[in-house]
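Right, one structure below, let's go through it.
Chain nomenclature is as follows: A, B, C and D, assigned in order of appearance, with residue numbering initiated at 1 for each chain independently.
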Amino acid sequence: MTQRMALSELISSYIRAESTVYLAGFSHLIPFAAGHEIIRHGIKHLTLCRSTPDLLYDQMIAAGVAAKVVFSYAGNPGVGLLPAFRRAVETGGIVIEEYTHAEMVARLEAGAAGLPFWPVRAEDNDLTVQRPRASVVCPYSGTQIPVVPALNPDVTLIHVQRADEAGNLYMWGLPGEIKEAALAARTLVATAEEIVPADSARTDREHLIVPGFRVAAVAHAPYGAHPSYAAGLYERDTVLYQEWNRIARDTAQCNKWLDEWVRGVPDHAGYLAKRGVRYFERLALKGGHDRANES
Amino acid sequence: MPTSRDWMIIAAARLLQDGERVLVGVGVPNIAANLAKRLHAPGLVLVYESGVIDARPEKLPLSIGDGTLVEDALAVLPMYELFSHYLVRGWIDVGFLGAAQIDASGNLNSTVLGPYESPRVRLAGSGGAAEIATYAKRTIIVMEHDRNRFPAKVDFITSPGHPPGARRPDGRGPWRVVTSLGLFGFDEHGRMGVLALLPGHSYEEVLDMTGWRIPCLTDEFHYSPPIQPEEEAALAALRSTLTIGDQK
Amino acid sequence: MTQRMALSELISSYIRAESTVYLAGFSHLIPFAAGHEIIRHGIKHLTLCRSTPDLLYDQMIAAGVAAKVVFSYAGNPGVGLLPAFRRAVETGGIVIEEYTHAEMVARLEAGAAGLPFWPVRAEDNDLTVQRPRASVVCPYSGTQIPVVPALNPDVTLIHVQRADEAGNLYMWGLPGEIKEAALAARTLVATAEEIVPADSARTDREHLIVPGFRVAAVAHAPYGAHPSYAAGLYERDTVLYQEWNRIARDTAQCNKWLDEWVRGVPDHAGYLAKRGVRYFERLALKGGHDRANES
Amino acid sequence: MPTSRDWMIIAAARLLQDGERVLVGVGVPNIAANLAKRLHAPGLVLVYESGVIDARPEKLPLSIGDGTLVEDALAVLPMYELFSHYLVRGWIDVGFLGAAQIDASGNLNSTVLGPYESPRVRLAGSGGAAEIATYAKRTIIVMEHDRNRFPAKVDFITSPGHPPGARRPDGRGPWRVVTSLGLFGFDEHGRMGVLALLPGHSYEEVLDMTGWRIPCLTDEFHYSPPIQPEEEAALAALRSTLTIGDQK
């Protein structure tokens, strides 16, 4: 059964140095609160996986958390590139393992199904020159079918709009590859904007992403995706995305920012307090939770 | 006064036809596709690799994952389903992409400048660009025209263009390239050539800004019609949907 | 774009003798109206595919429509076996191609993805003695992975609770393998309980099964799944399931029933009229359409 | 007076523990699982191959696709997802199956009586039974005890049981068989034997109704406790949820 715990305890219980983690999310529901907690705990040598590494992974790279990134698109959405990621790749400070989106999500499908590979339709390109793609011979047609290897993260951590006390996780808005990453995980943990009594979200099953029995632990983390957005709850804090784009070009500035906003606060509650309640009010969407069933 | 960037956006928008299903890439293609939908192609089906089918964004989306794409969309699918059931199955009419570099065969580079193992500039990477360029029925590329971005051979092939010496046999692959200088197509050998020039630009300028001796595919360089008032107005209106600080 | 047409025209336009058809549905949304129309049109030598052939396929077999059945479970849900199917198989009157459920839906996944095979986790059994299962060698692990061949029906026909004028199809309740069968089809057609103006169902996108551009044609067929059920609209007419179980044991009785209820009425409207409006009222669920968003 | 069918249902229900995830097959297992949930195992997670996870049926479902299973379910998944992401990944504790035949190794036949190519009785086929029997953490089989249904070797292996000479090494496979005569288990060689007899039945009767010389795995044949009033009442209440004509 799902354990409910504080975010700090969840991170120290489940995220180990040198493990392969998938902090999921796609444009929205990026688990910033959890990622920052990983930085605070000083966990090192992680392999960070996500189709779309963005600001959070850039901050984690800047903080020295990552040894490797497995990805298909590393950008700051609508703003530009990821300065810390760029610097790390350009100076050899990090190992990368790179795919296309279609390959990356196929890797998760294999992981979710418990199979060692997945067939894809794909042409060769210079990525497959760098990382030759295997194939199998179709026993029916005799054709060579490209395949990609399964990805089974040691831990997938997702952030959702709603969890119930039984650990059932509900999300809405862009699904990206969040569910596949959850299902492919050896261990699945989550943060949630709100935790409601067991069964109280049961009528909302179109938004169930995984049942509680698949979830090892859940922590309450309101605004846990800030500065990304949570569909139906709050908007993206684009100013911070732009700000990071400037800050992150300079290592000293990066560290100063991390010291102030991550290492310098005791935990996520501290982060929220430091920003202040009023800060988040302007990001709130009209209608708030009521929009769950529309989006 | 429209800038050459405006011209590029409008010229790209004009290539999209009403009712088509267009898989919209980040950046300028996103602006152009949203512009087309507000002008001559209200039935344009905007598809995003984020999983959105038939988006009807109120505002210009800041990224392919912007919440405005989700609000009134027909469908919001897991990425896997969008790629596997729609894109690679041939249900996308137009792949509408930008890139950091394009070469004479229409190969696109969105991955790296310089060698992959020791990059000069590490870019974002493929995302869906590899599959979009190869599985959409045809591809339109939109990008600023600059010598560094139009080399004879791209530093890295993220999205394969036409094979050596020929166009793709099934009509797929690069079809048009819209730049800040003009409109380009591909000859029967799959090599890029000039179709038209944007006002104020010359073939000599194109030659100067292109890393290979790019031929002309037509005798008629004039790009017509000029920007229409409603196009300019629609572009301004689209940009005005962004809040201050988000302008692009 | 999706053409709207009468059911009779849809059947004559899209269902050809000797083609492979998938009349989808899982317990509910069985396209009885469409299947009966196929019988009326006298179309022959069809290969009928569905994971769960039930009453409708039994009636179509009894009517001499089918040359072959591709399936994984052929039963009368909650009642017993399928008498006409049994007779046809036991006397060699029909060819069967049989899978497990997991294999059957994997075949559709391959079809939906445009790939010639699909990997599965499965052990051998006597089905794989009858129909040896191919395998591929995983290039990463070196293990033999069983595979099944893609299934791409010439035509998949599904019945949904709601279509809009643009051909967008919406369903709720048990999904079974309905969506996968739709996506695997070379041509997809549908019948619908109701056809609403274009875009008017747009807020209900959790229930969208395929966008209109995938749908060749749609016909209006209220109570088109009777005597099976349509979640949220009407209940199963279990008495008819039990009745068929008796009738179908005897060929003459079978034909008499088909003459009366299928061949003897001009079309689906004729069937509804023959049953009478009052007949259907007792099957209506309380709340009717309003339950769409719950189920 | 409880019939031997009632005894079988109640004995099967008692084997399910609160909180377990049980993949429920058609027929008697369906009745027994719903009974367990109304008695000692309110937190039993009823899973159906139709895609339903954690069903809370108001009525006894007539089939695995009955609408009553959907109404208050936690999740209703496409069949592919249920099999691929849950069953074969090991998330099901108990496979709870019926069959037409079972043999000494716990092989189940749901496909055909007589030869496959010229059947005497063509049955419904596997459905999910092959994967349920092999991927659930353990399997409980519930069926009427009859010589024709307990042959030394089944006519057709739909769901493989234990391999020759041994139990499955990982605990999977047939664990208990509940019949109208008694309760059965499997020895270290993967062969079925008697664990207990239902009241009123003898080992001789079991031998007579079984197609091989079935051994005893225990000295204590007494099945206890007797049917409790609340069990009988709950079974009657469950049956009463069916409308006339649906009785089973």
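Heads up, the rule we're going with is that contacts are C-beta pairs under 8 Å (C-beta built on N, C-alpha and C of every residue); 3 or more make two chains touch, one makes a residue touch a chain.
None of the values given here were measured: they were computed from a predicted structure.
Undergrad: Give me the fewest steps it takes to get from chain B to chain C if each step has to go to a chain it touches.
TA: Each step joins two touching chains, and the minimum needed here is 1.
Undergrad: Between A-D and A-B, which chain pair shares more contacting C-beta pairs?
TA: A-B
Undergrad: Can you work out the whole-Å distance between the CA centroids of chain A and chain D?
TA: Taking the mean C-alpha position of each chain, the two centres sit 41 Å apart.
Undergrad: Just give me the whole-number Å value for how far the CA centre of chain B lies from that of chain D.
TA: Using C-alpha averages as centres, the distance is 59 Å.
Undergrad: Rounded to a whole Å, what is the gap between the Cα centroids of chain C and chain D?
TA: Averaging C-alpha atoms per chain gives centres 28 Å apart.
Undergrad: What are the residue numbers in chain D that touch two or more other chains?
TA: Chain D, residues with two or more chain partners: 76, 84, 88.
Undergrad: Listing for chain C: what residues touch at least two other chains?
TA: 113-114, 121, 294
Undergrad: What's the contact topology between the chains, one of line, ring, star, complete, other?
TA: The chain contacts form none of line, ring, star or complete graph.
Undergrad: For this structure, enumerate the chain pairs that meet the touch criterion.
TA: Contacting pairs: A-B, A-C, A-D, B-C, C-D.
Undergrad: Quick one: in the complex, what on chain C touches chain D?
TA: Chain C reaches chain D through residues 26-28, 51-52, 71-75, 77-78, 81-82, 85-86, 89-90, 92, 98-102, 105-106, 108-109, 121-127, 130, 173-177, 179-180, 229, 231, 235-236, 238-239, 242, 294-295.
Undergrad: Which stretch or stretches of chain B touch chain A in the complex?
TA: 26, 49-52, 61-67, 70-71, 76-80, 83-84, 87-88, 111, 116, 118-131, 134-135, 156-160, 243, 245-246, 248
Undergrad: Which of the residues in chain C come into contact with chain A in the complex?
TA: Residue list for chain C touching chain A: 113-121, 134-141, 143, 145, 147, 149-150, 203, 206-207, 293-294.
Undergrad: Would you tell me which residues of chain D are touching chain A in their complex?
TA: Spelled out, the residues of chain D in touch with chain A are 19, 21, 45, 53-54, 72-76, 84-85, 88-91.
Undergrad: State the interface residues of chain C toward chain B in the complex, per the touch definition above.
TA: Those residues of chain C that touch chain B are 1, 112-114, 168, 183, 202, 205, 208, 211, 213-214.
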